[in-house]
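What follows is one structure encoded as structure tokens, with my remarks underneath.
Read from first to last, the chains carry the letters A, B, C and D; within each, the first residue is number 1.
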């Protein structure tokens, strides 16, 4: 009864290309966004913003990036954290070394673009190398990034290990002073991240429903056929790398600026790449919304689990045990999910929705 | 300055040795990839698991051989379980999701091994066992670093030992593949699952077998690695190290794995010392091996020994 | 309606995989606006021939001349740019997409807007999407695909998938259309439809069609010109009737099939 | 002034920006407002008058339901011409007959297929063929051919032209010539005037308060009188929107998109939805099926209460509301019935099961009785009437009377006569009353009950009563039986030929994992025979209850190797079985049924294939 589709028809191709063909979806999305923008900052405590919402947004951005590359274009990557690293460091350096008028979003875009270019460089081998062989290239990116910033302390402003990010970096065109708002407050950071992530998600969505997106998927599904019908396979791959790494870069920047508030190399170790890979797998390869579902689950799962552990067993176990059990369940979850539904959470959600739409009928 | 030849040769030998270590890990990969086209990411954690199990057993003052036997048994059981609960249900799914599954498996094992045993770092005095187990009769400790006069270089006997082990293992496997019936069917499976099933090869059994064998290899590799880098999470990284090795070798060939191992081993050392000096930075070896691999792959996209597929449309 | 001047010249093509010879000195011409059928028993090298023509394989020797240009060494994409489209023997559709999306990919050569415009969904990008959609819809109507527009291609029966693939080739507005066994695995009715489509396309858009068919009977009545291959060699070339009465063909080809 | 032209101008004046027509074309609903419609019609009209279409010219319209087609109706009307809609699937002799029967000179066809069909007819009275779709028409040189779009080039829209034309129009003019469905008797071309159609449409609109806000789906073949009335005339009178589906195989889909508020469908449409739904449910998980069954139970109980005029208990009522909210409102959504406020059926008897089902799930389904002779609608059921056996009261100013069992009617909606056939006209219009050739009776509330065609209601050999139509309706109400004819006139006992519903029987068979190659094979399958036999037995039991009907029990049956087909002339465009055709075609089979043979082998004229039809005893 929720999905009332009767009487929804389009009288032009523009209309037929709407983001949300079913009115209900449109309303749901609208309400959700309004809630996120206006209600959440008011009701959410700093803890919630700082420890849940902001990191989820940051991760989500990177996950989306990886999904564009692996899910949409079928190019496997283990270098996500590496690219995030580039993004974060460049943003910091741009903010640090550029004049007053420079501001964070712009810096992120610039840094993201640079990261994108680096991504393209590491993506070049994909011209000749296919499938798992490509892992080597992305891994190279991962380790190269870490090594690079470790060996050139210049980029860390000659700090040891980490630098704390100064608050004045957050000020946008002096809005802060003008209205006496604390732009470094969690609310501000949250809204900033939300804005950026929403914009990027929308961009990705548009991209995927236009010819570029179709080219991505074509290359993923059958690259010979793609080249035969005149899709520039190489360019498409490179573009995928660029866009993906742009997103990862921005994600990295958000991760440091909005979430950790410190910049350091150890943030972007190999296992971060895996974390994000899981987010994408669990969320659903090839689904934009899925990237975020996955992020929420993967990020919240250990927290919930340890919380449940403490709550139920009154801290009977030490954290190490809980972590390990979490890991075990986690591994099982992934395998189970792949067996039950290779499409991930996104696919599960779609089947559920389909069920709603066709109820009382099976199909 | 004049070129230090001895040092150079030592470097090469050392490189070769670590190459052997890599190939030890790599073989496990190749085995599974050959038989089921799966890129088994869990290899590293399997190493860890095996080594850890063994260590804890021996720490529990179990006799060396018993411990070894028990661990082997464990790995076999493990292999069977994996086949039953992971491979079979995933039988006809995309290679990507199979790969993902192994990644999941990796976490599972990691968590498990650290849950069952603890996550502390263990040193493994394999040496002691080896001494009293097999080398006392000859009365010498493995770890005496020997001086080979005709080459006048220093060389670690343990590396030699490792090399021997690796060599024998490769031989065994080669024989296994070429001669035994199971081995043959295994190769058949790798070539074409459906066809193999059609001629009545029990796919599931073959896979179970492969995973079991891989488990055993993991054990051996694990022990040898553990000797150099203590038994801890770093073992998992060994896999990532082995990655370029396999890829150079070309995923499907065991000799490939060996050659790849040697190339990377040597290349890394060379890069570290000479290129490092050139650039005036340390630690390039963290990524240098991948670059070597890349260079090779750019010229031979499916590895040195990998089979080139003709694209039929 | 075959006019004299030839649009495609195959000149002494030799192709081998490793030691195995797939094509052995094949040469034939395809006249502008004709329907040319390349027939032959399985393993006669028909598909290889097609792959050579549109650049998937590069022959060891010989030349392929399309609209006066030597495209032997060109990549498939460049050849597609010259106005050649094709369908595949075992369907080359993008399984992850819907019918509509699949057909739209056929337009990608004509896209002018940049990815940024598309991402922002502004101006040119928006316009192009609409234009292409309109054009695609024409073809959808032509091939009667209205009822399956939004179904994922994976869910479709074989016959329909073939039709979708044809649609995808058509929206590229090719001057030469290659069809690789368009009718295999179809029932008689579907085969009839398929050959009707071939004829209509040829008449409507004046598209030259080179189609490969394993089963001789189907193509004989729709093609103006038949080339017969066997074991990588050309054993017959001419009008359907000539070929039908060519003794060698009867022995080699019919001998094999019956 | 009651002419369609007048109505058009009025609509264009009153609500120029309200959508008049929508056609799904190239994937989107291409919409025409009343204003645009008016302009386009003026253009068309000028073009047609140049072509020599004038007052009284019969103008053929041959193609699918599309905006252009309906606009052409209006253009022809504005010139005083006569619209002759032709079923888009006609070809060969049938087409020729129709063209000749109302000597069409100009014809608007849609695409190549139609043009070919016309040309194949060889020498006809057609002087000019317009075609809309240019595709494939390049190499046609015939002089009579002309491209519709090209012919319109350079003509200015002028409402003035239409207004001037309006002056010359008169409600008495013939608006259209429609063929009678030809069940029972041979088809005859019936002349209907503007006045008749409009007043009929008006009185329906008045009764059901139909406004311009409504929207309806025009999916029945143009040649069907109910399309002319319930789609075209109704929207002209009320200004509501008429929607034309994209193609025959997307009707359901398009219906969901549009969500019409008013729908006319012959019984087969409702039966289709009914069986289709139950079929889909069958394939669901047992749990879901249970829920559905329960919900159905809930609504049905209340429905039956209503039918008997009783009151439902409160709990029943609660369960009823719940079931509707949770199960049947989604159900309606899936079949695009959510916005439906008036569902009409007619042209044939609808089986009680189907009728009750739709009433129960909250669709206001009404039966109508009508004939081409009476603009397709003479009586209309009221929504209080929960019983499917009556077809309701006559429309305003329309009277119905029964003369020795036959139904006669008189009113503003009656026909002008049979085209160019005074005798036939005289025969069917006696001192102002039109005969229907149908038997029936009026009940105390003045509701009409139809028994079937006079020609078919007769006596069995033993002189017992025999009402084949009633029997057929009973048989058809079994979801597996798609069509049925019963013969027995003057024989000792009635027998029947039935056809089973392909899709649903297949699923049934697959669930029982029966092995069969195709429809023919399946229909001859022992267990299908058993299925049908069992049902016929239940029918017989029902008949046995009433001494009136106990004599009509069926003794033997045959399940035909294929469904009755329009292309074989066995069913009308609205899928009503043409009994006499079928009886002629299957004479041999019927005789076999009256012998004691257990099977009958013959060569089916449709595909020249030999088939063996098993003959069952009940």
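Just so it is clear, a residue touches a chain if its C-beta (ideal position, glycine included) is under 8 Å from a C-beta of that chain, and two chains touch if they have at least 3 such contacts.
Owing to the predicted nature of the structure, the values given are computational and were not obtained by experimental measurement.
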The chain pair joined by the most C-beta contacts is A-B
Taking mean CA positions as centres, which chain lies farthest from chain B? D
Distance-wise, how many Å sit between the C-alpha centres of chain A and chain C, to the nearest whole number? 41
Nearest whole angstrom, what separates the Cα centre of chain A from the Cα centre of chain D? 56
Rounded to a whole Å, what is the gap between the Cα centroids of chain B and chain D? 75
For chain A and chain B, let me know how many angstrom lie between their CA-based centres, rounded off. 34
So chain C residues touching two or more other chains come to 56, 88, 92, 133-134
Considering chain D alone, which of its residues make contact with at least two other chains? 27
Touching at least two other chains at once: which residues of chain A meet that condition? 12-13, 16, 224-225, 228
Contact footprint of chain D on chain C as seen in their complex: 133-134, 137-138, 140-142, 144, 146-147, 149, 200, 203-204
Complex contacts: residues of chain B adjacent to chain A: 39, 85-86, 89-90, 93-97, 99-101, 103-112, 114-115, 118-119, 237, 240, 243-244, 247, 251, 281-284, 286-287, 290-291, 293-294, 297-298, 301-303, 311, 313
List of chain C residues in touch with chain A within their complex: 54, 56, 75-77, 80-81, 85-86, 88, 92-97, 101, 104-109, 111, 113, 115, 118-121, 125-126, 128-130, 132-134, 168-169, 172
Across the complex, what residues on chain D touch chain A? 22, 24, 27-31, 256-259, 277, 280-281, 283-285, 288, 291-292, 295, 325-327, 329-334, 336-339
In the complex of these two chains, what residues of chain A are touching chain B? 74, 76, 125, 128-133, 135-137, 139-140, 143-144, 146-147, 150-151, 224-225, 228, 270, 274, 277-278, 281, 285, 320-321, 323-335, 338-339, 342
